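In what follows, structures are represented as C-alpha cells.
The following pair of complexes shares a single chain, subunit A, combined with subunit B in the former and subunit C in the latter.
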Partner chain A sequence: MSRLIFEERKDQFFETGGDKPFRISCDKQSLAGAVSQRACVFCGSRVVLYPIADALHLIHGPIGCASYTWDIRGALSSGPELHRYSFSTDLGETDVIFGGEGKLTRALDELIPRHQPKAAFVYSTCIVGLIGDDLQAVCKKATERHGIPVIPVMSEGFKGNKRAGYYAACKAMFQLVGTGATEGIPPMSVNLLGDFNLAGEIWIIREYLERMGVTVVANITGDGRVADLRRAHGAALNLVQCSGSTMELAKMMQGTYGTPFLRVSYLGADDMAQALYDVAEFFQSQTAMEKAQDLVREELAKIYPRLKRLRKDLEGKRAALYVGGAFKAFSLIKAFRLLGMKVMLAGSQTGTQEDYEELASICEPGTVIVDDANPLELMTYLIEKDVDVFVGGVKERPIAYKLGIGFCDHNHERKLALEGFVGMLNFAEEIHATAMSPVWRFTPRRALPELEEVAA
Partner chain B sequence: MKSNLAEKCDYVSSTNACKACMSLGACIAFKGIEGCVPFLHGSQGCATYMRRYLISHFREPVDIASSSLGENDAVFGGGPNLKQGLVNMINKYQAKAVGIATTCLTETIGDNVPAIVKEFLNEAKVEGAGGKMPALIQASTPSYAATHMEGFHAAVKATVAQLAEPVARHGGVNILPGLVSPADIRYLLEVAADFGLRATLLPDYSRPLDAPAGTSYEILPAGGTPLADIKKMGGAAATLSFGWTPGSQEAGRDLHERCGVCLHSLGLPIGLRQSDAMFEALETISKRPAPARHADERGRLLDAMVDGHKYLSGQKAVVYGEQDLVIGLASFLAEIGVQPVLCASGGRSAGFRENIEQVTQGLVREPVFTEPGVDFYRIAELCRELKPDFMVGNSKGYVIARERDIPLVRVGFPIHDRFGGPRLHHLGYRGAQELYDRVVNAVIEKKQSDSSVGYGYI
Partner chain C sequence: MLLRHTPKEISERHALTINPAKTCQPIGAMYAALGINGCMPHSHGSQGCCAYHRSALTRHYKEPISAGTSSFTEGASVFGGQANLLQAIDNIFTIYEPEVVAVHTTCLSETIGDDLPQIIDKATKEGKVPKGKHVLYANTPSYVGSHVTGFSNMVKGMARVAESTGHKNGKVNIIPGWVEPADMEEIKRLAALIGVDIILFPDTSGILNGPLSGEYKMFPEGGVTIAQLRSAGDSIGTLALGEWCSADAARFLDTNNKVPCRVLDIPIGLKATDRFVDALRIIAGVSVPEEVTHERGQLVDMISDMHQYFFQKKVALAGDPDQLIAMVEFLVSIDMWPVHVVTGTPGKAFVARIKELTADLPFEVNVKADQQADMFLLHQWVKNEPVDLLLGNTYLKYISRDEDIPMVRWGFPILDRVGHQYFPTVGYKGALRLLEKILSALLDRKDRDDPEQSFELVM
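Showing the complex of A and B:
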C-alpha cells in the first residue's frame, strides 16, 4: 500500500500519537502527475465571489471555466439570482491570436444593460494575461461607461493554488467595501464572512444573531449584495468562518477601517454555541449573553433527544474527512465526537502549517493528517484505518463508495443545511443514513461472512 | 418566422453554455482505452473541474492527472512538468497508456507536446505495467478551438493515428460510435456479436465509467478497448463510424486511407431509419441477415409507434446538445410525428443545418429551425417564441423546462440532475424503444398532471 504514496509528498502527511514532533509541509504547488483533489486560482475566486447574487460574474476566457462552474453550488439567494447564470466571453481561436479586449468590452456592454447588475466581477482565466489583455484597463473604462463598479479579479488558474484565488477575490471585494453610507448601523452589528448560504445556512445564523439583538450588515458572501458590501465597514465586528477564504478581507478591513474580527465556526453544536458566546462576549453585553445561553438551551433541547438515538447506533464508528479548508475540519472532528465517533483521517486541500498543527492537537492518537491528497493516498488510508464514513466533496464520493464506505457531502454542492443546531442534527441524520445503510452488507469488500452462509 | 428568429442572434457573450471544452471530451475518450489514464497538460484546475463534472454524471471514479503548471512553467514552458508528471503518474498507476490532452494554457504558451514526448521517451526510465513504457497518445484540445464533442473525436483520431498499424486482414469490424452512453456501447457490442462479428469498439468506456461494485477502488479500472486490438484496427474488414459532423469520421477515414479499411459512415443510429442503416451495414459486413431477435425488436418498436402515435400528434419539441446527437434525435422525432421546432447545439461543426434538413425531410410539416453555436440564453429566447411542448436534451436545459413548465426528456450527457445517466440507452431499435416510451410517457404525464380531473386511465 505504501507504494501508492508519492515519495515527494511524504512530508505532506503526519500521524498523531507518535513521539515525532509535529511537522507537515503545505501550501505547495501540487505535484505534477498526482491526481490532486485541488482546483486552481480561478476556482478559489469563483467560489468566494459566486454567491453575490446581484453582481454580474463574467468569466473572461474560453468556455470551459464557465461551463464547469455554472450553478454548481447550493448558495441560495433571498432575492436576485444573477449568480446562477454562467457568463463567459467564450474566447475563440481568433480572439486568442488577436487579443480578447474588444470582445470583453462588447460582452460587458451587452450584459450590463441586459441584466442591470449592481456591480460586475470580471474573472481572468489562464490565457488572459498570456494573450496580452489588459483587464484593468477594460474594466476601468466599463466602470465609467456603465456607472457601476466593474472589478477585475486576477484569477489566472496557474498563478498559485486555490488559496491565491481566495486572496484575489478578497482584493476584488475590498474595492467595494467603504464606498457606501453607514448611517443607521447599530453598535451591536457584524458582517458574516466566509459563509456561502449553502442550503440557506446563513439564514439560520442570522436568525440566531437577531434573537441575541445583533444586527448583520453584510453577508460575505452567501445571499450577498453589492450594497451591503459597500457599507460593510460600518459593522462593529467581522465574524470570519471558513478562515481560508475570507481571512484576507478581514485583515484588509482591520488595517483600513480598524474592524476587529473573530474566527468562528457554525458547524457542530460545540462550535455553534461557542460562536454565539464569543459574539456576546465581544460586545460585553450581559443581555446578549443571556439570550445566547437561552437560545443554545432551547435549540439543543430541540435536537438532543433525536441526536441521542442516532448516537446510539453510531457510537464507536470510524470517520475520515477531506475538506477544502482545514478550519472546517476542526468543527467536524468535534461534531463526530458528539456522535461518539472517532476521526481516523483528517485532511484539506489548502490548510496552513498552523491549521494542521491545531488539527493534530485536537485529534486522537493515530489520526493521519494530510495536505493536498489524491485518490491513491485517500484510498490507502481509508482501508488502513478501516473507516466507516468519509466526509468530502463530489470528487471524494466514488472513492468512498467503491471501497464500500459511507459518504457525506460536506462541500459547496450540498443541498442540506449543516450549520447551526439544526445543521448538527441534519449532519447526524446524514451520517446515520449512510453509515447504517444495509447496502454495506452486500458490497464485496464488506459483505458479512454470515450473509454468505445464509446465501449458501 | 424563420428570418425573424435568425435576425436576433448576434450575441457577443455566452450565457449558460450549451457545450463544454475540448479537453473534457478527450478525457472521456481516453477513459475508454485499456489501462489508460487521461493526463491534462495545463493548470491543475482543468483536471479537477472535469473530474467533478464527469463524476457527477457517471458516479464513478474519474482519475485525471495533470502536469499542474505554475507561474514559472507558464513562462519557461511546461515541458519539465509534463515529463515529471508522466514519470510520477506512470509509476503510481502502472498505466498501460496515457492520454495526453493539451489545454488552453499549454496551447497558448506554445508547448510542443509531440517534441516533449519524444524527448521523454528518449530520457525517461519508468516502471509502468511490466516495466514497460506505456503507449503515450497525444491530442491537441484547446478549449478555444471547439467543443467537448470535437475534443472527443480529436482523441479518438489521435489514438487511431498513433496506435493503429496496417496489419494483415483479420475479418473483424471497427466501431467508432462517438460520444454515446455506456449502455449504448454495451448494446453495440452485443449487436456485433449477434452478427458473429469480432468488434473493436473505440473508445469503450462502458466498464471504466460504469463499473460493477468491486472489492476496492480500482486504480486502473478494468475494461476499455484493448491496446492490442487498437493496434490491429488497420486489419479490420470494415469500420462503422457514427456521426454526421466531419470530426466524427476522421478516425475512420484515416483507417481507410492508411490501411484500406472499408468505411461505413453512418449517422448515430437513433430511431428507425438510422438503426435500419446500421443493421443494413452489419448485414453487408457480416454477410448474414439480422438475427431474429433484432428483427423482433424492430417490429415491437413499430408496433409501439402505432400504439402511441396519437399521444404525440401535433407535439412540438426543442432538441439540443452535441450536433450528432441532435441530428439523430431530430431524425427520430420526425419519424414519430413530433415536430422538432428547434434543433440547437453549442457546436459549430459544418453541415448541421443541412443534415437536420435531410433527416427530417418529408416527415415534418414545418421547416425545422436549426441553430449551431448557441447557448441556453438563446435557446430560452427561442423557446419563448416557438412554444415547444417538451424538450429533449441533457440536464442543462432543466432551467428552461422549469421556467416553461414543460417536460424535459433527458438524454445524452451530462445528466447531472437524475440518477442513472450512464445507463440511458439511445441506440438501435431497443434504444429507440426506450426513448419512445419515455417521450410518450412525458407527454402523458404532463397531460395527466395538468388535468383537474385526475384521470387514472389515459
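Showing the complex of A and C:
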C-alpha cells in the first residue's frame, strides 16, 4: 500500500488519533504524471459563473472547453435558459497563428443583438493566454457598441488550479457589483454567495430567509440574474457558502462597500440551523431569531420521524468523502454523525492548511485526511477502512461501484437538493438507498456465503 | 422550451459554434489509447483538459478512466513542457506501473512547440522508461479537426510501433474506428467466425465494459498489446473501417511497412456489413459461413417484417463522419429519409459522400460539416422542416424535447442511457439492435399519438 502513494506526496496524508501533531501539505501543484482528480482555472471560473442565467457565456478558445462544460450539471433557473447553451469561438489553426480577436468581436456582434443578454462573460482559455489576444480591449469595445457589460474572465487554464478560477470569476462579477440602483432594499437583507442551485437548493434557502423576514437581494450565482448582481452592494450582509468559490467576492465587497460577510453552510441540520441563527444574531433582531427558532423546530419536526427511521439502518456504517472544497467536508461529517455513521476518510481537491486542521479536529481518531488524492490512493483507503458509502464527484463514482461500495454524488451530478432541512432528509434518503441497496449482496466484498458458492 | 432562444430564421454565421456537434482532439486520443493493453493515456497540457476528458468518458462508459496529466503551470507555458513530461513519464512508470504510456498533446503544448519524439527520446536515454515498457505519442492540437481527428492521430501513433521482419504473420490488421467496446467484440467475433486471424487496434473491449469485480483495476485485461502492434508490420493486409478514424494509420502501414490496405465503411447496417464480411471472406479465401449468412437473413427478415413503418420516415442526424456515412446508407436502404445531417468534424469529402448516398432521394438533403455545423443549426433546420426521428448523441435530447420528436441515442457521448457498452451496433446483429431501437421509438410515438379509434394492438 505504501508504494501506492508518491514519495513526494506523503505529507499530503494524515491519520488522526496518533501522537503526531497535525501536519498536512496542501495548496501545492499536483505532481506531473499524477492521476489527479483536479481541474483547471477555466473550470473553476466556468462553474461559478455559469448559473447566471440571463448572461451570455462565450468561451473563447478551441471547441473542447465549450463542449466539456455544456450543461453538464444542474444550474436551475426560474426564468431564462440561455446559460444552458454552449457558445464558442471555436478557434482554428489560422486563428492561433493570426490571433482570434476579430473572430471574438464578430461572435459578440452576432450573439448580443440576437439573444439580448443582460451582460456577457467572455472566458479566456489556455490558448488565448498564449497567443496574446487582448480580451480586455475587445470586451471594452463591445461594451461600448452594445451597451451591456461585456466582461472578460481571465481564466487561462494553466494559470493554476480551480481556486485561481474561482478568483477570476469573482473579479469578473465584481465588475458588475455596484453598477445598479439600491433603492428599496430593506435593512434586513442579504446576498447568497456560493450556492449554485444544482438541484433547487437556493430556492429552499431563500424561502427560509424570507420566513424570517430577511430579503435576499442577489443569488450568487444559482438562479442568478445580472440586475441582482449589479445592486448586490445594497445588501446589508453577504452569506458565503462553499468558501473556496466566492469568498474572494465577499472580501472585495467588504473592502469596497463595507459589506460584512458570514461563512455559513446549509448542509446538514446542525449547520443549517446555525446559519439561520447567525443571520438573526447579525441583525440583532429578536423577531427574526424567534422566527428562525420556530422555523427550525417546524422543519425538524417534519423530517425527524423519517430521519430516525433511516438512522436505525445506518447506525455504525462507515463513510468516506472526497470533495472539491474542504468546507463542504465539515458539514458532511456532522451530517453523517447525525445519521450515526462514522467518517473514515475525508479529503478534498483544493483545501487549505486551516481547512485541514479544522477537518482533523472534528474527525474521530483513525480518520485519514487527504489532499489531492489519486484513484489508487482512494481505493486503498476505501478498502482498508472497510467503507460502506463514498461521497464524491463524477470521477469517483465508478471507482466506488467497482469496489462494491455505495456512492452519493455531492457535486455536479446530484439530482436532489441536499441543503436545508429537507436537503438533510434527501441526503439521508440517498445515503440509505445506496448503503442498503441489495446490489452489494451480489458483489464480492459483501457476498452472502450461498452466493459465493454460486459464483464458485 | 429549453432551447427557446433558438430562432427559426437561419442567418449566416461566421465566427461562432453554438451547441457543438464535436469536441476537441485530445479526448479521441485518450479513448483510442485506452484500447491498448496496460496503457496509461497521458495528457500533455493543463490539468483541466485531462479532468474534462476523464469525466466525459466516465459519463459515457460509467467506468473509471485513468489518465495522467503534465499539470502545466505558467512556468511550463513559458519555458516549455519538457521538464513536466520527463517527470510525468518517470512518475507514471514508477507508481502506476503501466506497460505503455500514450502521450497526446493539447492546444497549449502544441502552441508552445513541445517536440514529443525528442522529449520521449530523452526520457528513454535518461532511463525513465523501464526496460520492456513503451511510450507512444500523438500530436493532437485542439484547434485542428475534432475528437475524430485526435482518435485517428493516436491510432496512427499505434501504427508507428509496427515493425517489418520480412516474414509475414498471416494475420490481418483491422482498425475498427471510433466504435464502442461491444462493437470491437462483435468485429472480433465476425472475423473469428469467418476464420480470419486478426490484430485489432485499438481494442477497448474488456477495458471499458468490464464487470463489477470488487476490485478497481487501473489497467483491466484487454486491449491490443505492444507485441501485436509490432507484429502489425508483418500482416498480410489492413482493413481500415472508416476514412476519418482509421485510414491514416492504414495508409501509414501501407507506405512504411508495405502492408496493403483497404478502406471500408464502418460496418453499420446491411450493405456496409456485407462489404466488410465480403472483404474478410476474400482474405480468408472461404465462402461466407452459414452462421453469418443466417444472421444476415434474420436482419433482412426484420426489415421486411416491419418495412411499412420505416417507409419515408424523415430523420435528422448529428454525429461523426464515419458513423454518419454508414448510417445514412443504412437508412436509405430501408426506405427512411435522412433529411438533415450535421457533423462538427470538417471535411468536404464527407458532404460529397452524403450527397452521393442520397442522390436518388426525391429531395436534396441538408448536410453540413464545418464550424457552423452544430446542433443549433440542426435545430433550425428541424424547425423549418420537421422530422419523425432524431438520431445522435445525448445532446439531441434538447431538440427532441422542445420539438416533441422521438430520438434514438447513438454515437458519442451518450450520457443518459446505458447499453452502448454492451450491445453492438456494427454487423448484422448490431443492425438488428439499431432497427429495434428505431422501431421502438417510432412505434412508441405512434401508440402515444394515434387517436383512440385507430390505436392498434397488433403492429
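Here is the rule we go by: the second predicted complex is superposed on the first by the 449 of 456 C-alpha atoms of A that agree within 3 Å, B and C clash if a C-alpha of one lies under 4 Å from a C-alpha of the other, contacts with A are read in each partner's own complex, and residues count from 1 in each chain.
The working rule: contacts are C-beta pairs under 8 Å (C-beta built on N, C-alpha and C of every residue); 3 or more make two chains touch, one makes a residue touch a chain.
All values reported here derive from a predicted model rather than from experimental measurement.
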item: Superposed partners subunit B and subunit C on subunit A - clash or fit; value: clash
item: Contacts of A:Thr89 with subunit B and subunit C, given as first, second, both or neither; value: both
item: First (subunit B), second (subunit C), both or neither touched by A:Ile362; value: neither
item: Which of subunit B and subunit C A:Leu262 touches, first, second, both or neither; value: neither
item: First, second, both or neither for A:Pro444, with subunit B first and subunit C second; value: both
item: Which of subunit B and subunit C A:Ile148 touches, first, second, both or neither; value: neither
item: Contacts on subunit A seen with subunit B and repeated with subunit C across the two complexes; value: 3-4, 6, 29-43, 61-70, 72, 85-93, 95-96, 103, 106-107, 110-111, 125-127, 130-131, 157-161, 375-376, 379, 394-395, 397-399, 401-404, 443-445
item: Footprint of subunit C on subunit A - complex, ascending; value: 3-4, 6, 29-43, 61-70, 72, 80-82, 84-93, 95-96, 102-107, 110-111, 114-115, 125-127, 129-131, 157-161, 375-376, 379, 394-395, 397-399, 401-404, 443-445
item: Subunit B residues within the subunit A interface of the complex; value: 11-17, 19-21, 23-24, 39, 42-53, 55-56, 59-71, 73-74, 81-82, 84-90, 92-93, 103-105, 108-109, 142-145, 147, 211, 213-219, 346, 375, 377, 396, 399
item: Partner subunit A, residues of subunit C touching it in the complex; value: 2-5, 7, 13-20, 22-27, 40, 42, 45-56, 58-59, 62-74, 76-77, 84-85, 87-92, 95-96, 106-108, 111-112, 141-144, 146, 210, 212-218, 344, 371, 376, 395, 398
item: Of all residues in subunit A, those that touch subunit B in their complex; value: 3-4, 6, 8, 29-43, 58, 61-72, 85-93, 95-96, 103, 106-107, 110-111, 125-127, 130-131, 157-161, 375-376, 379, 383, 393-395, 397-399, 401-404, 443-445
